[in-house]
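Input: structures, listed below.
Same chain, two partners: chain A is paired with chain B first, then with chain C.
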Partner chain A sequence: MKSGFRQSMSWVHTWGGLTVGWVLYFVFLTGTLGYFDTEIDRWMKPELKPETASVQQSLATAEKRLREKAEGAERWLISTPAGRDNPYLRIFWQMPEKDGVPGARGNELLDATTGELLSGRATGGGQTLYRMHYSLHYIPTNIAYWIVGLCSMFMLVAIITGVVIHKKIFKEMFTFRRQKGQRSWLDMHNLLSVSALPFHFMITYSGLIFFVLTYMSLIVAGTYGFGKDSQQQFSNEFFSEMHKPKPSGNKTELADLGSMFAIAESEWGQGEVRFLDIDYPGDSNARVNFIRHSDSPLRSSPELVFDGTTGKLLTEVPVITSTPRAVYSVFLGLHEGLFANTGLRWLYFFSGLLGTAMIATGMILWSLKRRPAQLKKAGGPDFGYRFVESLNLGTVIGLPITIAAYFWANRLLPVDLPSRAQWEVHTMFIVWLICLLYPLLRPVTKGWIDLSWIAAGVFCLLPVLNGITTDRHLLNSVQQGDWIFAGVDLTFLAAGVFFGVVAIKLRAQSTSSEAEIAATKNSAKSKPAAGNVSNNTPSEAC
Partner chain B sequence: MLTAFSLAYCACLLLCSCMNRHSQQLWPNLKINPVLNKSLRVLGWLLVLTTAVYCITTNGVGTGLVILCAVFSLAIVSLAILLDYAARWVPATAIVISLASMVL
Partner chain C sequence: MITLSPDARYRWQIAARALTAIFGGFALANASGILLAYLLPLPKNEAVTVGMLLSFAIYAGAAMWVFAHRSLIKSAGGIWLLAAIFFALIALFKFAGVTL
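What follows is the complex of A and B.
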């Protein structure tokens, strides 16, 4: 650790950032793609046509299916198809607890017209990618939450220490100087960090708030005590669910959901209902709660509570029930951005990319700063340095290739392959492993150029692959005004072009530095006393 | 959204016009005296305020503040990169974006 406040902060920023940088890069990139999760879902199930069934038909289908699958359930949820967030009919059920064993739960996407399970290829879609940003993959969810939480904590520390060590936040707010080696990378890192600083802080802090009850469960236990009942009491108080009645045990037919839906729409307006939350369906104390779409960063929304047996409107739960819950809800809402319209959603996506690039530039800076000293070492660069350099390459360029591989797998894996959705993810991680091992085959400098070209190729060819394997090629989508499909294809193309430009720039720089090394060698030969400055390790390419 | 972005972009343009390094990039033949420099700075900050007021009045406080942060992020990054690669285009882009926001 260095002496002096700023130096100490700089040390924390550098080493804290490096330790968790690769996980954070994964979290940021997959999380950023999550802003277009339902759009990616649609692209990955190209056979599906947009849902056209009416609300009444959807409700009848959902109720019929839920009666078949989950009679006597504790809770049903029905999301009728409406808008971007719910393109298809979704149902969820939770069976009651029996002898201390939690009840079974399940969810399905249905064709609202036929009542069958939603057809189309088996795929993880955008949801799997989005879920990876907080629950990772292949490891138990609870452990993943802790890993992501710890990394987010480091990120928060890196953001705060970054502000402390940046001496000229306002003076250099618009400063970027290209072709100045390390200086350019630092400028870019600063620019990406400062320009979206509110976003970076918000997204990291709110990410921690999401799992605050996991990370800080002892705080709750300190007031409410340990044990399930105490936790339940806290949950009821915090989420204001104390007004909910207990089941009576008397069976009664559930009232017509369609009529209640009509009342809810007459209160709020058409298309304003986000989903229905039904407590104890089939019980005489059944309650049907209608939840409204949120149009602001406040994630909680007003609810209309109906008597499930008579269909009468009982009460309206206000949007803010307590200050702590409102604060919690605002952070969650800001993080998810579900209230965002198309324009703001793109800005969220862009800010997420800035965060991802900020992490990437930070990690690249770490190795660039140490490169001159490492190149001068007699036995070549240290193992630690080479390890970081290789991980940087395998992650910064490797991960985008990996994500492209996920989309390629979606189009190329046989439709009837068992566990197809899982194989999409396996493909993704196999490709990532190859990218991580790639530096063993090639010098890192060449590796950067190679992988950038590969990334450019796989992204640029994705719209072509889509055109060949489905009838929804780009021109078709544009002609039909299907901007979700066209948007995803065009974003792939943009990503491909970006990596192409990166590859060209890296090659140009590599060529010029090779020429410099050759010139240095020549001058060293003519003046042996000057010593051999160059080394056979990769030249500075980035 | 485009109006908010054009306001943010123009605000950033005015603010960097009063910074030594960027005023030389933007207006290489113009000598900016201290009075003009101060006026540009005041005007820039006024435009930042206008952008905030515009975002909040059109979208409410919550969503408005989110849009405000997002458009400034986009404006700062695009301006910083343009300043280095094509500083001469910057005033023209500001005019085009402003006109587009009025028309669309």
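What follows is the complex of A and C.
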């Protein structure tokens, strides 16, 4: 399109990146927070005490509750409290389909000792934030999947074209020219992109693969045929679920889950069971599947299948059934990072932040590059330019403020407010709207400094707010060794300090550039020939 | 015959390229996925999986190709033509009763 390949790719990188940059920024930031979803869940329900009941007790509680709520179900899921991923006892049920109408389903968090519903404030928790990164909000999910998918495709192209246009990829990885205006922003963009390039590529490609059955359903249709049955056939073969029997219709008592659990633990070791998946409980063909914790990037985990009426171990389902499926599974596992221990989880988190910052610097770069020419225009900057500049401010700094607002709402909204969890999210988007409209009130350069200070303030004050509204203030958490609470509070503080530094830097930059403009204006007035002189004597300029 | 100003021409050809990259690329990615599934000597569901896993890479490559060439006919036309050929081949396989 342009004269050379690299120039064309540079055009695609710039404009493709700009078109969807704001959505990508949202996806990357909320997705990054998702690596600490259950930690955020805990912080947002400060009333809950850590679960201490034994596994046997949890199983008995869960079974009792499920019999009450969902006798004759098609499926029960029980995840016993164990470790980071499920701190509390969770049950799920799915009733069978009747006359084409899908059966009712539900899920509950239970106190494993008393069997009561876990109370505490209604909140979306970290899960709502995490889900936004692929299903957005206020939009039907299947439409949201396509929007996020298309944006991810743009991201993939932006990453590849970014590598293509970047000639001296290794040399420039170690180049950072400070305080050189636009050049510094470009260096920063390069540094952020290259330093976590494998992560950026992995997370984008695997994100697409997560929804491959939605996006590329034509490939299944083109080979297995159109229609529901063909798709079912493919997924049966793909997920190798052929071994599942149909319900017989004869009622038989479910065997003791506790003794099956003991067998599973003797096979795998203590604390290795992640959850139980029970097909047709109470039917003579009932099956109890034990699923193991994943400790590798492979997303599918080993399964033990028990006969639900005799309690006998039937088979162990292998993790890897074929190479392509293993590749698929590794992509998904790497994306979710469920296998990651604390250290690796932080690495995921920081890589995600690098990606978020990469997108932000890319968009800032677009507007900085065009700023001098736009300012010279007779009628002022174009509408398109001002639109981008405002969206950049309202998103890059606005979205973090928005997320902080979500946490503020969690602590400040009345506990008995109807649809409280929804109002946490509404608060979030109202604050975002205000941030997006902020550039109407203030010049953009001033707006950056203002909003950075606001971001610094709202994040730094979050631990204070937590200390006032709960008994779990930072000192308490540290003393009690509750590193989930302390960790979330300290991360808020770090974010606040970061935005404070950004505000200070931006102010210094804007005063120095104002001084520069004033200086050049003055010198141009007083010494009109100065420019010519220095042009004629290049030695002086050196 | 409508004559367009250079500015308008530029915009129209950008629009044509963008639409080709998005929809043509999508068509080509799907067609390549299906074709791969037919051609790979693997069990059916594995071959389909490989086709799906690679489809996004093909999509990205197609999108870049659309913008790489100076000539609109060569770049955008190439994508649509290739997708059409692939779909024709798939139809031929189906018609001839080739099973995976």
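The definition used in the following text is that the second predicted complex is superposed on the first by the 521 of 542 C-alpha atoms of A that agree within 3 Å, B and C clash if a C-alpha of one lies under 4 Å from a C-alpha of the other, contacts with A are read in each partner's own complex, and residues count from 1 in each chain.
Here is the rule we use: a contact is a pair of C-beta atoms (placed from the backbone, for glycine too) under 8 Å apart; a residue touches a chain by one contact, two chains touch by 3 or more.
The structure displayed is predicted, hence computed values, not measured ones.
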item: Fit or clash - chain C, chain B, common chain A; value: fit
item: Partner chain in contact with A:T175 - chain B first, chain C second, else both or neither; value: first
item: Contacts of A:V157 with chain B and chain C, given as first, second, both or neither; value: second
item: Chain B versus chain C as contact partner of A:N142, first or second or both or neither; value: neither
item: Angle, in degrees and to the nearest 10, that opens at chain A between the C-alpha centres of chain B and chain C; value: 90
item: First (chain B), second (chain C), both or neither touched by A:F5; value: second
item: Which of chain B and chain C A:L344 touches, first, second, both or neither; value: first
item: Three-chain overlay, closest Cα atoms of chain B and chain C, distance in Å; value: 19
item: Chain B and chain C contact sites that coincide on chain A, given as residue numbers; value: none
item: List of chain B residues in touch with chain A within their complex; value: 1-2, 12, 15-16, 19, 21-22, 60, 62-63, 66-67, 69-74, 76-77, 79-81, 83-85
item: Complex contact set, residues of chain C against chain A; value: 17, 22, 29-30, 33-34, 37-38, 42-53, 55-57, 59-60, 63-64, 67-70, 75, 90, 100
item: Chain A to chain B touching residues, read off their complex; value: 171, 173-178, 191-192, 194-196, 198-199, 295-298, 330, 334, 337, 339-340, 343-344, 347-348, 350-351, 354
item: In the complex with chain C, residue positions of chain A that touch it; value: 1-3, 5, 8-9, 11-12, 150, 153, 156-157, 160-161, 205, 208-209, 212-213, 216, 218-220, 222-224, 234, 237-238, 322-325, 327-328, 331
